[in-house]
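Chain naming follows the written order as A, B, C and D, and within any one chain the residues start at number 1.
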Amino acid sequence: MAEKIRVTVWNENRHEKTDPRVSKIYPKGIHGAIAGFLSEDRDLITRTATLDEPEQGLSDSVLSATDVLVWWGHLAHGEVRDEVAAAVQNRVLKGMGLIVLHSAHLSKPFVRLLGTSCLLRWREAAEKERLWVVEPGNPIVDGLGSFFEIPHEEMYGERFDIPVPDATVLISWFAGGNVFRSGCCFLRGKGHIFYFRPGHETFPTYHQKEVQQVIRNAVRWAVAGNGPAMHLGASEEPLEKI
Amino acid sequence: MAEKIRVTVWNENRHEKTDPRVSKIYPKGIHGAIAGFLSEDRDLITRTATLDEPEQGLSDSVLSATDVLVWWGHLAHGEVRDEVAAAVQNRVLKGMGLIVLHSAHLSKPFVRLLGTSCLLRWREAAEKERLWVVEPGNPIVDGLGSFFEIPHEEMYGERFDIPVPDATVLISWFAGGNVFRSGCCFLRGKGHIFYFRPGHETFPTYHQKEVQQVIRNAVRWAVAGNGPAMHLGASEEPLEKI
Amino acid sequence: MAEKIRVTVWNENRHEKTDPRVSKIYPKGIHGAIAGFLSEDRDLITRTATLDEPEQGLSDSVLSATDVLVWWGHLAHGEVRDEVAAAVQNRVLKGMGLIVLHSAHLSKPFVRLLGTSCLLRWREAAEKERLWVVEPGNPIVDGLGSFFEIPHEEMYGERFDIPVPDATVLISWFAGGNVFRSGCCFLRGKGHIFYFRPGHETFPTYHQKEVQQVIRNAVRWAVAGNGPAMHLGASEEPLEKI
Amino acid sequence: MAEKIRVTVWNENRHEKTDPRVSKIYPKGIHGAIAGFLSEDRDLITRTATLDEPEQGLSDSVLSATDVLVWWGHLAHGEVRDEVAAAVQNRVLKGMGLIVLHSAHLSKPFVRLLGTSCLLRWREAAEKERLWVVEPGNPIVDGLGSFFEIPHEEMYGERFDIPVPDATVLISWFAGGNVFRSGCCFLRGKGHIFYFRPGHETFPTYHQKEVQQVIRNAVRWAVAGNGPAMHLGASEEPLEKI
């Protein structure tokens, strides 16, 4: 009876075109892999969009028909047009959910919404990552155990230059000696934003069950309610006699 | 298909027995009024419990069959047995939702869970209260406008001695010159706690549509997910070779 | 023995040039008034800067010699060059404190740092404002009573479209029926940001003792410590054998 | 000119009496070691107190002459009298700072102030701990580098069952595969509380320079300002005509 959630999975889709290691792991692209498992859920209507499509895949009509936007980018952050980044930012402030994956920590919409550099430490050494649940009451960790492991991943390490998250639900341990806040919730305007660390393009991370579970949970969490519309900025009459 | 939410509305139910003003407004008790409107929702299974019932209405079997507990108390906070308060606290930490209404800011379970005095300023002058939505993206304000008014209420004013809430969704304006954080979210253990200010016993506050809407929303918000069970406190083997 | 705090009070300084009501209240400009009372404090070295000075008053050498920047703007937000706004943002992320006053809620540096619209409700009706202390343990309210009043001010009301503050220390009551989070702390990068609501140009707000006290306190609070410098963004070697 | 900060270092002082490994590392007790390095700071007046002293070392006169209380306990949490724990809690709510060290995560004052179980995972395997700075702008990490290491420590691991901290400044990596929020700030009433993880009794942790630096910083951070006294709980007259 409830309305279905309209999800758009956006990907810059560049590694997939040039790096056979990536296209072998993700023959339909990273966006295709993510849309693939989300499409199994009957309460979701999932579509994909990519950078090289007209209007960079994110026309007004696409954005206005999107409840939750999933974003993967890496090589081509700079090619995303400022107007597109601003349109995404504005839609989030009005209530569109945003799931920011892995290297999209430097994507234009995320950096604009957070206001900090969003820089971090990193290392490509195919090391083990173990993600610990630190907020077991948060719905984004539904169905997980106390932790889960990814056998080979790129390392992201603290200091991650972000504002204090409204909730930090996962913290990663890396074999090489680092830690990272890997699952971070932010509320901006009416929009729910979730940053989720894993997903380097040369590893089959998005084929892993626990990673898919987190993304599935986060999509539901990120749907806006129908709280009051904000008609702000205009002068108003007093509600009481002054 | 989703399982129904099991709600228990607990009330000390003392004003209703001795003050005809109260029993006239709430002939079935405050608990009866709240359970009444919640019972209209088909995804909820609502029961009531009161202080003078056996085991103060909150036996282990009642608590373990409760997903969300709604609490109203005022005169008889001190009569609630410490064991009952501890049992409620422990159930919340394990995931039971808790909606704390009005004068229950001084109830034993709430004070134990927050750790502060929970004192505040107050005045009984039947003055106007206007509740402003400050977090329009929070599901607890679904269906509200930018604000709503209660024509006559007891005043509660800042400083409210609570920890910084995880989210503050409503702030009240009072005709007599005070302000108050009237809708406050707290996560404790796996349990979601919502403090909601309105509801003095001598006013028909719980018959008002917006007040009912907030309580309805809060009940859904307070349901725990199925995040990992926490088996804490025992020594553990290393996960990596040291 | 401690090093002195270097404060720069920046003002667009436009109302003062064209509106005799303003120049009568603030003959040395709003910046002059604020710098005036800060200059009484011997642990501060206070200077001013204004929009119409070379490099809009904020050359690299000024910014790099500023520990805490105080910002007042209203008419001319759009004239502040994007490079200047970006330079302020970057300095804040590296540790410069920022005190954002009144209508500077729409200043470029603040909006860039917060990432939201920063819009709000407003009304010019010279109404009474009463500011309640909600976090008495925060050093920004040192020396205040439980509340203080400003006899005539512009109204700013919720919803104020900002991220959840790291601390909310003051909430305003307005005679016309509104409330507002009037003292809000944000940490961005290593920089401490304090938004303080009062200060409409046609009222003598910055001559009021309590308002001066809050600004004095906030300047000290906003000074960065000497935590670790962040050399982020470059690839790193593992700290442990992988 | 500023008044000196009065610090009381409390220790249950039991391991030191029975375990020669501990008394060898800390011949003057853990309290003596901590008071020792704090005593080098001329802006502090440092004293010690222990469980087996009269009134468990924390008479009203001691507490009322303490600006910041440092607490170490492990074996004897249960022996601390409820009245003493309540007195500490009340003093914190009124503004006394509290530094809670290592196994004092289960001390009565801390558990009462936080309201959760405060349980965690743990392991005694003398493994390496690396503490990463995650909030470089927080004064508690002044003087540190990006991280520091402790060669041998007991492991504490997530999930740590605490409320979301007001700030999380350090996160630990452990060789055995765990992570932990090792430096956590909480504001309760007017009191600043800092939980700092390191300090197992069989390791010379409190002789390490970086550990001492954090405790030194935290003591200054925890000093209350002179914000308004809270006279709460009594009925009040309206400030405006109703």
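To be clear about the criterion, a residue touches a chain if its C-beta (ideal position, glycine included) is under 8 Å from a C-beta of that chain, and two chains touch if they have at least 3 such contacts.
Everything numeric in this text was worked out from a predicted model, so none of it was measured.
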Other chains in touch with both chain A and chain D: B, C
Quick check on the interfaces: A-D is repeated by which of A-C, B-C or B-D, going by over half of contact pairs matching? B-C
Angle of rotation relating chain B to chain C [CA atoms, steps of 5 degrees]: 180
Distance-wise, how many Å sit between the C-alpha centres of chain B and chain C, to the nearest whole number? 37
How many angstrom lie between the CA centroids of chain A and chain B, rounded to a whole number? 33
Shared-contact residues (touching 2 or more other chains) in chain C: 130, 133, 135-136, 146, 157, 159, 164, 166-167, 175, 177-178, 187, 189, 228, 230, 239-240
So in the complex, the part of chain C that touches chain D is made up of which residues? 95, 130, 133, 135-139, 141-146, 166-167, 175, 187, 189-192, 217, 224-231, 239-240
Within the complex, chain D is touched by chain B residues 89, 93, 112-117, 119-125, 127-128, 155, 157, 159, 161, 163-164, 166, 175-178, 186-189, 228, 230, 232-233, 235-240, 242
Residue set of chain B touching chain C in the complex reads 130, 132-136, 146, 157-160, 164, 167-168, 171-174, 177-179, 181
